[in-house]
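Below is one structure, written out as structure tokens; the observations come after it.
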């Protein structure tokens, strides 16, 4: 009876990508852990980059810094 | 000190329905587990059907299949 | 397709209490939101009082202070 | 490898406030628990007051009652 | 920056099974959503069957009923 | 009305460390977001390193590789 919560930054994931992630994770849990798909629920949460903190800053800021570093190389 | 997270598909639940769910769960936890309502928090998350996977597909797809099955009977 | 997570302090809840909480919340979601019980999953997490913070202190400490206040009245 | 989920009511928190919360919690976990910031993720969830239950009612209702009590003093 | 929480009943999953679930989900998120593995965290929670409710009863009870049904066929 | 969930690997955190994390996060939310401590709950989850996946492997394995790399320098 698995419940899976996938939390990602909101980056324009398509409906097809979501369907594929759901299909593959369900298949993994069935094959590896013998979990029944009809008891497997998966919820995908998409989070604004301002609301996701990483390394002490928002993801918005982290990505800006990273882009600046890469363009200055 | 309960915290309860109720995760459901986004199906146009009304404000009154939310209030009733909150009232009843709080009452259950108070009566059965002796939990103080003033220490009981409940968060309702509503999830788009494209973001809820069930049985290896999105809920959007699951509902379509189910409707097709029922109309073909 | 609800998933419900009930988080409470670990206070020796019995198996019967857990079963009753599960029965009542499932019934509430079915009656109020028209959710199918065979798609309703509920997970109860029991948390040590040292790991639950409230009002800026652990629950262990909060309960001690509260007991002291009540006995000194 | 901490993951922190901060769930608050949606009250118009600014981008600057979010950044500061992220900065301070990351710093706390690094200083107190010796956790690496580059392994620390923080997600802030903002919840509508209709979806947050407290003391058996929605936060919307709770705030109304509280405001009424305070203005009637 | 994905965070994935996999919640399953406690059924004696081995260390190898956990490692494989982690490897495959990380690979899925990288291939389908282009997520960096060094920013992907996965937490597996194992829940006692008394603490997992399904269809209005504990999983312990659900499994007993199911076993009884199958043996009586 | 904040609820905060701090998920960390189980590394022998002491009761004092937990109390300090709770105190500081509560203080941050009060000062930065004006949140009342008597409405602030924090739950610390400690996760076995076999159950925490990072970079496609368990944390147990990740730490072994990292230790091996550092000792071979």
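We call the chains A, B, C, D, E and F, going by the order they appear; numbering starts again at 1 in every chain.
To be clear about the criterion, a contact is a pair of C-beta atoms (placed from the backbone, for glycine too) under 8 Å apart; a residue touches a chain by one contact, two chains touch by 3 or more.
Quantities reported herein were computed from a predicted structural model and do not represent experimental measurements.
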item	value
Required minimum of steps from subunit D to subunit F, each step between chains that touch	1
Chain whose mean Cα position lies farthest from subunit F	B
Centre distance in Å when subunit B and subunit E are each reduced to the mean of their C-alpha atoms	20
Centroid distance [mean C-alpha coordinates] between subunit E and subunit A, Å	17
Set of subunit C residues in contact with two or more other chains	1, 3-4, 7, 21, 25, 39, 41, 43, 52, 54
Pairwise touch network: line, ring, star, complete, or other	other
Pairs of chains satisfying the touch condition	A-B, A-C, A-D, A-E, B-C, B-D, B-F, C-E, C-F, D-E, D-F, E-F
Subunit F to subunit E touching residues, read off their complex	7, 47, 50-58, 60-61
Residues of subunit C that touch subunit A when the two form their complex	1, 3, 39, 41, 43
Parts of subunit A lying in touch with subunit E, wherever the complex brings them together	1-9, 11, 13, 17, 20-21, 24-25, 28-29, 32-33, 35, 39, 52, 54, 59
Subunit A-touching residues of subunit D, taken from the complex the two chains share	4, 15, 18-19, 21-23, 25-27, 37-38, 40-46
